[in-house]
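What follows is chain A paired twice: with chain B in the first complex and chain C in the second.
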Partner chain A sequence: MNANSWQLFSTFGFFIILLFACGAYCLVVTRNMIRAIIGIELLIKAVTLLIILAGKITGRTSLAQGLVMTIIVIEVVIAATAAGIALWVFRHTDSLDVRSLRSLKG
Partner chain B sequence: MPSLMILIPLFGVIILNLVFASNDKMKRAAFWFALALFISQIAVAIFHHPIFWNNSLKPLDSFFKVSFFVDHLSFIMFICIGMVSIASLFVAKYTITEEGGRFKFINLLILASLGMSGIIMVKDIFSLYVFMEITAVSSFLLIAYPKSLESLEGAFKYLILSAVATVLMLSAIGILLLASGGTSFFAIASGIAEARNSSLIVFAIGLFICGLFIKGGLVPFHGWLPDAYTAAPASVSVLLAGVVTKAAGIYTMIRIVTSLFPYNQPVNNVLMLVGTISIFVGAIVAIGQDNFKRMLAYSSISQMGYIILGLGTGTGLGIAGAVFHLFNHSVFKSLLFVNSAAVEKETGTCDMNKLGGISQKMPVTGATSVIAFLSTCGIPPLSGFWSKIIIVIALWQTSHYAYACLAVLASIITLAYFLSMQRRVFFGKLRSGLEGLKEADRGVLAVSIILAAITIGVGVFFPFFFNIFILPVKEILVR
Partner chain C sequence: MNINLTFLILTIIAALWSVMGRSLLKATIGLAATSALISILIFRLDSPLAAVFELSVCTGLITAVFVSTISLTKPLTHKEILQASKDRFKRYWYLPVILVVIGIALVLLKVRQDFIMAPVPALQQDVRDVLWNFRRLDILGQVIILLAGALGVVILFEENKRNER
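For the complex of A and B:
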């Protein structure tokens, strides 16, 4: 790694870790299903940024582009599925609180 | 022509939805299409003729930009996937009465099996992630589709934990891309070999293995598994317990650990430790369960521990034992789940306190379940005995005596909870209110009998089966 890419790495690294921390905090603290989905989205965004950075530093930007496009598509599918499940939970319980999901234990 | 294993189901699903979704009579064709698909998948995997597997359809492959490879481990997984999918298909025919719901189920089942076929044929870590997500999303939908609050809860828990696993694995992929400049197994393996002790690589390996532990439901990360298995509809539980967690978690672990990461002592130690903890926690928690399916789910965790323990030895014999146990487990655990589906459908409950003595009314279900649980505990002529003893021998050869003793000891706990299950559900006096009980329908009984026959057959003709199918698996170590 030369000086230029090291600078790139540290700048990007800061924001990747920031996004990651935001997402993880959101996922751990929240009791709302929609916010949990947003937390997951933030985490995936951090990873997407990491892959862009990796592509830039190793000089394989076209590969990284392909990967990022695929990740975005899959992320949308997951978010849509999760939102669908949250919607049905809301129809059952009239709340989005994860504490309403406590029937399975043991 | 390995790409056909992906393309035929994919276009099959599209055609089914474009052409056959119009009326109920046409929808019935979906069942026969899926059945033919899975049977042909098993057939080409059993005979593994090089004409089919080694030739590639150039125009098709270059058009879809796919390239796959198969080896003996993939063949065993193909057989598992086909077999369990057929079992799940028959259970769905029996438990889902509404034609539209069954049609949706079959579509999602084909998509899930497509995803798993992809997982076992890829040679690129990113495609692995893509196929894993296909499998995972179809499983979320399969768990959630009765839309009851319980099934939604199971699906949501699975979704969140699976998304976390995905994030961990993608971070590992990003770091490995940074370190090696590629995503194919070959590029990553050579990149890792160059920078073996870099802390970044060790971090990436840790992240990836954690992600796979979540996907496979091993003990520190098992929170979603019992809920998802219990809440899912009966036919989906068969599929999830039979192959989904194995293809997404355990198979990937075997592939990644042997061909990608340096096969070194720290990784092995972690695998063996997690395996042993899973065996014990799964078995001990299973003793206290009142729900039939939940007990089977914990038993599943415990048996996954054996597979990881065998993998952790790092020798050819250990890996062969792990793969053999994987195959056996997918046979007898799907048999137990098929039986639990029959019990749930006929009596309307899975609570073991409300069941009892139903072996008198459902003799075939009771008898096949005895065979399955004896095989799980490792009673000699049955298949589970051989795979467990191979794992124990491999542990002994690598002088892990404590782990070997613990693995044998855990079999006794397995016997304990299964005897209690058998006693409370099938044996004893018939509980009042269950006098009008009928045996399950013929399709499900045929599936149970065939799976039980495979369990017995593999056990009795063990040398033949082991030499032809399992021992060639060792060659994945040589690469």
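For the complex of A and C:
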């Protein structure tokens, strides 16, 4: 890896780890379902940026873009379905708190 | 490089805002800002198509989904907001500290620069070639996932309507 690539990798890598930590912390600490989805979104965004960075460094941006498009499609489906589930839980329990899910059967 | 650094710092600030913000609507706006900043970074990393996709889908569509979900839920009362902010402060004040600690650890951790990258075979340079020829199965997977997601959302909202009756 040459010096320019290393500089790019280290700078972006540093912030990607911080972004991932933000998402992971949000997912662990929050009790609100919508905020949990936001945490998942932040994790996915960190991974997206990492894949694009890997594509740039290895000179395979086209492959990285193809993979990222797939990730984005999956991300949207996850967000829409998770939001639907959150809404469904809210209608049933009148709360967005994940602890209200403990009263479920099974 | 300085421009990248500025956008990266702004991305982390927007992410922190979306995680630590009191209101869900502001958190959603923070997520949209994070997404928009990441789109700029992706564009600067020579991937314009992925950047446009990220900007239109993640910044636009997902924000719309979140805002509609939030608008369909009941807002908290003043008392609940006060209680929630006290709880939130207790749980979230660690986050900036953790980020600073991780940052310092990464700076102190001297990763060796001279690692060798695995050789990669030559690949078509056009995204269309990659999408339609090299990663054909991904397209099929995307279509199936989209259909499954659409079906899931329809079923969830159907259930809501049934319950309302």
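Everything that follows uses one rule, which is that the second predicted complex is superposed on the first by the 103 of 106 C-alpha atoms of A that agree within 3 Å, B and C clash if a C-alpha of one lies under 4 Å from a C-alpha of the other, contacts with A are read in each partner's own complex, and residues count from 1 in each chain.
By our rule, a contact is a pair of C-beta atoms (placed from the backbone, for glycine too) under 8 Å apart; a residue touches a chain by one contact, two chains touch by 3 or more.
Since we're looking at a predicted model, the values are computed, not measured.
Trainee: Could you tell me if A:Ala86 is touching chain B, chain C, both of them or neither one (first, second, both, neither)?
Mentor: Both partners.
Trainee: Mind working out whether A:Thr58 is in touch with chain B, chain C, both or neither, as first, second, both or neither?
Mentor: both
Trainee: For A:Phe14, decide between first (touching chain B), second (touching chain C), both and neither.
Mentor: After superposing on A, A:Phe14 lies in contact with chain C but is clear of chain B.
Trainee: Output check: A:Ser103 vs chain B and chain C. Expected answer is one of first, second, both, neither. What do you get?
Mentor: So A:Ser103 only meets chain B here.
Trainee: Applying the touch criterion given at the start, work out whether A:Ala36 contacts chain B, chain C, both or neither, answering first, second, both or neither.
Mentor: A:Ala36: touches chain B, not chain C.
Trainee: If you tally the residues of chain A touched by each partner, is the higher count for chain B or for chain C?
Mentor: C
Trainee: Examine A:Ile74 and indicate which partner it touches, taking first as chain B and second as chain C; both and neither are also allowed.
Mentor: Both: A:Ile74 reaches chain B and chain C.
Trainee: On chain A, what residues does chain B touch that chain C touches as well?
Mentor: Common to the two interfaces on chain A: residues 53, 55, 57-60, 63-64, 67, 70, 74, 77-78, 81, 84-86, 88, 92.
Trainee: Which stretch or stretches of chain B touch chain A in the complex?
Mentor: It is residues 126, 130, 133, 137, 140-141, 144, 147, 149-150, 152-157, 159-160, 163-164, 166-167, 170-171, 173-175, 177-178, 181-183, 226-227, 230-231, 288-291, 294 of chain B that touch chain A.
Trainee: Which stretch or stretches of chain C touch chain A in the complex?
Mentor: Of all residues in chain C, those touching chain A are 1, 4-5, 8-9, 11-12, 15-16, 18-19, 24, 27-28, 31, 34-35, 38, 41-42, 45-47, 49-50, 53-54, 57-58, 61-62, 65-66, 68-70, 72-74, 91-92, 94-95, 98-99, 102-103, 106, 111, 113-117, 120, 123-127, 129-131, 134-135, 138, 141-142, 145-146, 148-149, 152-153, 156-157, 159-160, 163.
Trainee: Using the touch definition from the top, list the residues of chain A that touch chain C in their complex.
Mentor: 1, 3, 6-8, 10-12, 14-15, 17-19, 21-23, 25-26, 29-30, 32, 34-35, 37-39, 41-42, 45, 48-49, 52-53, 55-70, 72-81, 83-88, 90-92, 94, 96
Trainee: Where on chain A is chain B touching in the complex?
Mentor: Contacts found on chain A: 27, 33, 36, 40, 43-44, 46-47, 50-51, 53-55, 57-60, 63-64, 67, 70-71, 74, 77-78, 81-82, 84-86, 88-89, 92-93, 98, 101-104, 106.
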